[in-house]
Structures are given as structure tokens and as C-alpha cells.
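To keep things simple, chains are lettered A, B and C as they appear, and every chain counts its residues starting from 1.
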């Protein structure tokens, strides 16, 4: 509850800071301080210091899972701001408003991670989506950005429609939005419930860019300003996954035999399309867009498995994936040329950046000693734990092997090819934050319990 | 027909969707049928006058897709926004006494946010028509 | 500076080892468990150290001898440039570390880590002068031979885990677990462990790497290939004595292999002309004795010989290094001679080493070798005769070496003659200390005959290595045996004196030639293993790799690329087509859910 209210207030504060503060660095500092405050407040709530006690009639419940994920999201955003806040000002003139939108998105994230009622889920998803439409189109003079924004909006409203329809069908059968009362099914469920569940499944799959509802993702990620792609492909995606797993655990947990095969099919499709299409991309940014689909495929495994390991693993995965991808995007923003060739000879000119980028890429590829490896390991373990569909796990492993190809292309370009890539100016803060991110990636790869103990104590 | 539509909604089998399917088929079928029939039955005389868009008898002129000042849309959308928000006062007004002080503070909070938004658009210059 | 640090840390560990030893001597042996190293299912392997009588004794030998050799190295390796010097000491220290890990581990896995570590260090140090390709080949040979043994060791580990699910000494050797093992399992495990030991400790058939390992710097030969690393196999078997005692077959295999190695290596050593090669074969031969001791169940005698051997063999190597140093890098004994007057300290220490290794009382070698011979005599008379023969051979070739190098006329070049000089103090002092140890080291194991309770070592090791069953041999017989062996050895020395006082070198013929060529074992291995394997490799490379694997791998890659190009077309950029595809898939899922999957 702390973070929910504070993030909304901070959003408003950022709106006005754009009016009253003239210097860009002042605005940036307000945003960073606000973000840090948000993180602190949320951690305080985890240790029992709740500042606001508001009776939500059981529509929102801040349990450990929600709070821990919020902390991960806030920490990622804080690091993201350290890395890329300066690049946000290059996007357009409404500098402060972008921060405001980011805070509003975080407000939505706290909602989606803690909902107990489908209404709150809907509100949260919309609070996340609408600012994203704006951020996607924030580069107003760029036609690609505009196109991406419009596409995102059109397809996004389509999925919102599906979600509302699904909620309506469920309400029609159950007469309640409460997830617990929806889950009270022991005998055969009605067709209405199943249809509603499917519609919700489609719309959530859309939001996490799972195949075959992923079509918006590459275009939008490619078209949006790179700073915002970084944000929406990592933190937002992870947040929607949290909502996804929550929804299907709490509202449809008893219907597992109805949706588990569908999840498996969607997982396979997502892994396949994400990984295979990424292979042929020539632009690193677009490759990362497809890689985010591929990673979504792995995260889908947790929704499919839906056991204790899956939830732990999803937390770890969202941290591992967010940290690594934010880092890569932050470096990418500093590049002038987004193609693979643009990275040629990068290691010679920027050894530190190249080294950290390599760590991030290794983590994404799931190489041991990085967080990405353990995250993938947890996912596969969870999937094995269901005792069904062994082919799914085998397929996932094969696809993880495929992913090594396109991640290593970047490493190869950086280290083994000659070139002189032009790089924008790099500040010490940027470098240090990258190093911290890389250290986190490795640390979590060795001691995942650093993160996961928070889930239990 | 109505009876048919309401049975079996609570059972899981796909047969319960049969009425929906029937309805669906009839609806689309009817549309298709009517369109087909009008095209077949009606006489066709295509002149330039007839192919023109009908706009209440007034002659059309120029391109409808003229660029218009963004301010126009902005003002319009802001009006709609605030107008809609005002609607929330109606249920409050009706239940004014029942909700008591709690309700009052809640509405004050709402108005406060509302005011923040208003100040924001004013300061942003969204309502400056001249510039 | 590098040298000071390198020696300092070893000295520090020596001091610590002494403290550990004193503690253990007071009866405080213990297992220190640090953390859970591997945890898979029911299998728990902890990172634990075991400090008991056996490991504390090895700690003393390793760090003590290691320290002396480190000091010696500073002076010996002085001509290396500073960067290389650092590399040398880092390898040497890494070796000490691995060796300590090996002996301190409280389970076979930790031992295996150290085991691999010393193998690696040995490889690195043999190929230390990596610009010489011959040396690299020697390093490779050592590594590969060791790997063969390591594989067997590893299989033994897995076998243990599969059968009793634990590798920690205390659990493996507990009566309940030993009872759970079938006797066939024990035989297989012990034989596999012995194969590992044969690789590391240079026994038949894996011994050929050790003589070639002399390519490394002489102090390395002294430390690794004489005093410490090669005794790892002995340590392992002594440690596993509870297992070995249960398998008579394995014991016999160990004893016979050890004896065969001892004799074979000794015969080869007779005709070698490289000073280090002679010492190398003598090492192989002495290791054979140790295995013989283990094989007849005299574990503590084997360990005793490890200790004395560490002293006198390190001494011999260091002295040989000093000779080589004096001769300006010359290793061929045919070009030496008459050095006794020029390098007196070296001569005396070398002489002490020779007396010790020959087993002339009361030098250390006598006590340990005698303990082994006695145990063998109790076990089997035929083996005893052969072993005694080996001891005589040892005395013969060692004194041959001594006489050729130090007596007679100088046969080197004039330039060498002028340059010949005694080594600096940093080299001679370690030699002197080792010489003293070689003389006195045997006193920890005086046989019962001479002094009641004189065999302190066996008593000390008793908690780890249970005492053998009661003596069969009477004291009189024992005294007679000692007298016989001592007299024979002295006789052989005198014989060698007459033979090699004035040396004539001639082309060897017949058996001599076979011995000079080391029984053609290397050539045999080349023919039987290396060539066919190379052919097989070439076949796989040309046929299997090219046409099957490559095509398969590249084919998969091409397929993925092709698929990628096709899938990319789905992403048309048209919102309409996206929606269409989404709706189609939704309909398909609905159909799947409601109609196909009931």
C-alpha cells in the first residue's frame, strides 16, 4: 500500500516538477530521489512498516510475493534511471512528463502484482498500458515511433476488449470479481467460465507478448524510443507476468487441467517464434525485441507449471532478465549504429562496457554462474515438477541452445571483429551502474537465495 | 426461441453454445441475405450525382481530411474529460447525507486531484488559444 | 623478492604443519567440516579436512622438503628472467597447495581435487621451458598417463557413490558400510584406485612418463617427481588400507606390480647415462618397493619408506642439480668424472644419499627398506628373494652413478673444467639439511630387535593403520636377514667400485642395449596404443567428423536460418493481418478447448 499511494503521488509530483523546475538535471534528480524513496518505502512495508491502512474490501492484498516483486521492479527502475535518465531527455521536450508516466506505470504495476479482484487487474493493466502507448509515441517527429504507438494502441485496445469480455463472462457465471470466489469450482466448470478464462488468457498472453499474440511486440519495441523499449520490455513485461501467474493461480487454479495444455502450446509457440526469428535479425534492437519474446516463452513455463518453484523462479527470472536487458539496452542507447556490425571492435574502444555487456548477454543466454542460468534452471525444474509434457522441457532446452547463437553474435562482433564504433558520451555514473548491474547478475547467479530468502522470511 | 437460448448455460458441454451458434448463423445469414437481395432486386442507374456522398442535400466541396489545429482537439478532449468527471458528482449529490463526512472527504480528495489536473493543463499552456 | 614470498608461505605452512603434528601427537586428530560442497539428492559431500596421524605426517614431509627445495630453487633458477621466475614460483606454490589439499581432504572428492591439481602443476612444470618442443611432449606424456589413472580413480569414486552413497573416509571405512559392499565391489574399487595410484606414482604400466618428466627444472624433479607428488598413490592406498585389507586379489596385484616395477626400473637404471634419468628410474624402482610394502599389508613400512625416500631422493636430486649447475647444464655422466675434489659438499651429500638409498646401516634407507623386506619375507619367500635382488641392483646402479660422476678422470671440455665450482649456500644448505635427515631419518622406525618400542612411526600411525597380526619371524632370523642384505649390498658396492673406478664407455650390445633403450617399452606403447589411436582419430576426423557431424551441425544451423527467414515474413507490419492471425489462433484454441479436448 505504501508504494501504491506513493507512486501515484510521485507521478503527480513529476508532472508539476516539469512546470516549476527549469533545469533538466533538477527534474532528473527529483525522479531518482523519488524512485529511491519508493524502493525504500516498499522495503519498509516488507519489514512490516505499513504507513497507510486502507480497507480495500479484499480487492488488493499485498502479500510477500507482490511486495518482493514490487521491490525488484523498483530496484530495476532505479538502476534504469541511473543508466538512462539522461537519455530520456533526448527523446522530446516533455521531459518531466515521461518520468511522471513511468511512475504511473509503476503504480499500475503495484496494482497488477497484488490484485485479488478482476477489476483491480483490469485497472492495473490499463494504468500500465495507456502510459506505454504515450511513451511509445513520445518521439513525435519520428514516423516509426508514431506508427508503433498507433499499432500498439489499436492492438492493445483489442486485447483490452478481450479482457473485459472475459471478465464479463466470468461475472455472468459467478456474480463476483473476487478471485477466490471464482476459484471455488470443484465439479465441471460451466462453458461461460471456461470461455471467460480463455479470453483472459488471450489478453494476458497479448500483454506478455506470447505467441500467437506477440505480433505487436517487435514492431512496437523497434519503433519506440530505445530508452522506453528498455523499460517496457523488462519491468513492465515482468509485472504482467506476475499478474498472469497470480490470475491463473488464484482465479483458475482449480481449472489447471483445462488450461495446462494450452499454456504448454503457447509456451512452445512463443519459444519457437521468438528464438527462431531472432536468429535472422540484423539490428540488435530488433533482435532484443525477439529475444524478449523468447524470454517470455521461458517465463511462460512458470505459468504453465504453477508450483512453488515456478513462483520462486519467476521472481528470480524477472530480476535476472530485467537487470541484464536494462544493461544491454543502456549500452545500445549509447551506440549510433544499432546493427550487429555497429558493435564491431567495441571491446577495444570500450573494454568495460563490452565486458559488462558480455555478462548480460551470457546471462540472457543462460550460461552458468550468471543469474540467467539459475533462472532458466528454476523454470525447467518447475516444468519438470509437473510431471507432464516432458517434450516441453526438451524443446525449451533446445531453444535455449538456439538463443546462444544470436546473443553470441554480439559478443563476437564486440571482441573478434575490427571496427571503430562511434559511442556517445559516457559518464562515470553510467559505468558504475553498469558494473553494479553486472555484479548483481553474477551475484544472483551464485547466490540466488540472496533474493529468494526475502520471499519467505 | 427465447426458451432455447436460456437453457443449459451452466453446463460445461459445448452443446450449450448451440443456441448462440444458431443465433450467430441467423444474424450473419440475414445480413448477407438482405445485402444480396437489395443488390439483386433494386434497379441500378449509376450517374455522377448518384455516386456522390449524401450530406443532407448540401453539395459537398473540398477534402474532408483537412489538417486542423491540434488545439481544437485538445480543447475538445479536455472538455469531455472534465465534463465526464463532473458526472461523478451526481451519485454523490444523491447520497450526500448517507455518506456523511467520510464521503465528503473522499469527494474533496477527488476534487483535489481534479484540480491538480486542471492546474497542470493550465500551466502546460494547453488552453492558450493564441500562441 | 619473488623467492622470499614463495619460500615464506611454504615456511609458514611448515610451521603450521609442525603445530598440527604436535596436536595430533597429543591425540587430537579431527575432521574439520567447512561447508557443504556438493549436495545432490541423497549424496552429500562436504568440504572437509581430516587431520590425523597419516595426513599430519605427510604434511610435514611436503612442507618440510618443499621448503628446502624452494630455498634451493631461488639460487638454482636465478638465471631466469624475473617474469619467468614468478611463474616458476607460482606453479611451485600451487603444487604445494594442491598436495596439501590432497592429503588433508576428508573424503575422496577433496583428494581428487588435489590429485588433479598436482597433475596440472606437474604438467605445467615439466613444460616449464615450453620453447623446447621435446619438453612439451614430455609434459603431455605425463599429463596423458596421469589422466588414464585419474579416470580409473574417478570411476572408483562413482562406484563408491553408487554402492554406498558416500565418499568420506570415516563413513566409507566404517564397519557398516564395509559390510554393505560385496567383495567383488571391493576388489573392483580397489583395483581402480590402484590404477589411479599407478598413474600418479609411476607404476607398470603407466610409469613411462616419470623419466621423461625430468625435462623440468631439477628442483621440480626433486620436489614433484621424487619426494612428494609421486607418493600420492602410496598415500591413497595407505589411506584406503581398510578397503585393501578386504581384498586379497587387489593386495596381490599391488604387491606384484610394485615388485615388477621395482625390478624393471632398476634394470633400466643400470644402463642410463643421464644423471637425472638414473635418479628417475631409481625413483620408479623405489616407488615399486613402497607398493610392494602396501601389497603385503605393511602399510606403515610403505609410509616409512615414503618419508625416508623423500629425504634421500630429494637430496640426490638437489645434489644432481648442483652437479649439473657446476657442469654448466651438462647432464650426461659420460662427460663428467673426478668431480669429488672440485665440489666437495655436493660429493659428500651425494654419497650420503647413495648410502641411504642403498640401504647400508645405520642410514635411513636401511631401516625403511629393511622393514619392507622383512614384511615381504613374512609374506612370501620368493618375493623376498626378488626384492632383495632389486635392492642389490639399486645399490649397484647408484654407486655406478657415484663413481662415474665423482671419481676417475674429468671427461668434459676444458671450458667446463675451468668453470666447475661449488654451488652457493642457498643450494648447499638445503642439501646439507637433507643429508642430515637422510642419515638420521631412519631412527623413528628402529626395529624391535634393536630397541624395544623403537618403531615409533608404526606406533604413531597405529590409529589410522591398524597394527599387523603377530610376528612370524623370530628375532634371530630377522637379524640374519639384515646381516645378509647389508653384507650383500656392501659387496655390490665394492664390486661397483672395481668396475667403474676407471670407466670405459663402449657401445652396448645384447641385453645392455635393450636396457639402454628401456626394454623398448616406449616403442611398444607407441605401436600398440598411440599409432592405432592416431589412425582411428584420423579416420574419425576425415570420415565421421567431416561428413556426419559437420553436415549435421551445419544442417541444423542452415535449417534454423531458413526457418528464421520464413518466420520473419509473418511480421508483415500490417495491423490488419496481425489481428487476423490473432483471431484465427483464438478460434483454433477455442476449437481445441471445446471440441477436440473433452
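Criterion: a contact is a pair of C-beta atoms (placed from the backbone, for glycine too) under 8 Å apart; a residue touches a chain by one contact, two chains touch by 3 or more.
The shown structure was predicted, so the numbers you read here are calculated from the model rather than taken from an experiment.
Visitor: Report the most central chain, judged by the distance from each chain's C-alpha mean to the global C-alpha mean.
Guide: A
Visitor: Please flag the chain sitting at the greatest distance from chain B, going by CA centroids.
Guide: In terms of C-alpha centroids, the chain at the greatest distance from chain B is C.
Visitor: Averaging only over C-alpha atoms, locate the centres of chain B and chain C and give their separation in whole Å.
Guide: 88
Visitor: In whole angstrom, how far does the Cα centroid of chain A sit from the Cα centroid of chain C?
Guide: 56
Visitor: Rounded to the nearest whole Å, what is the centre-to-centre distance of chain A and chain B, using the mean of the C-alpha atoms as each centre?
Guide: 32
Visitor: Touching two or more other chains, which residues of chain A qualify?
Guide: Answer for chain A, listing residues that touch two or more other chains: 191, 194.
Visitor: Counting only residues that touch at least 2 other chains, which ones in chain B make the list?
Guide: 14, 17, in rising order.
Visitor: Where does chain C touch two or more other chains at once, residue-wise?
Guide: Expected reply: 594.
Visitor: List the residues on chain B that touch chain A in their complex, please.
Guide: Going by the criterion above, the answer is residues 9-14, 16-17, 113, 116, 119-120, 123-124.
Visitor: In their shared complex, at which residues does chain C touch chain A?
Guide: Residue positions touching the partner: 557, 560-561, 563-565, 567-568, 570-571, 573, 575, 578-579, 581-582, 585-586, 589-590, 592-594, 597.
Visitor: What part of chain A is in contact with chain B in the complex they form?
Guide: Interface residues on chain A, with respect to chain B: 12, 15-16, 19, 173, 188-192, 194.
Visitor: Show which residues of chain A lie in contact with chain C when the two form their complex.
Guide: On the chain A side, the touching residues are 151, 154-155, 158, 191, 194-195, 198, 202, 206, 212-213, 215-216, 218-219, 258, 261-262, 265, 273, 276-281, 402, 405.
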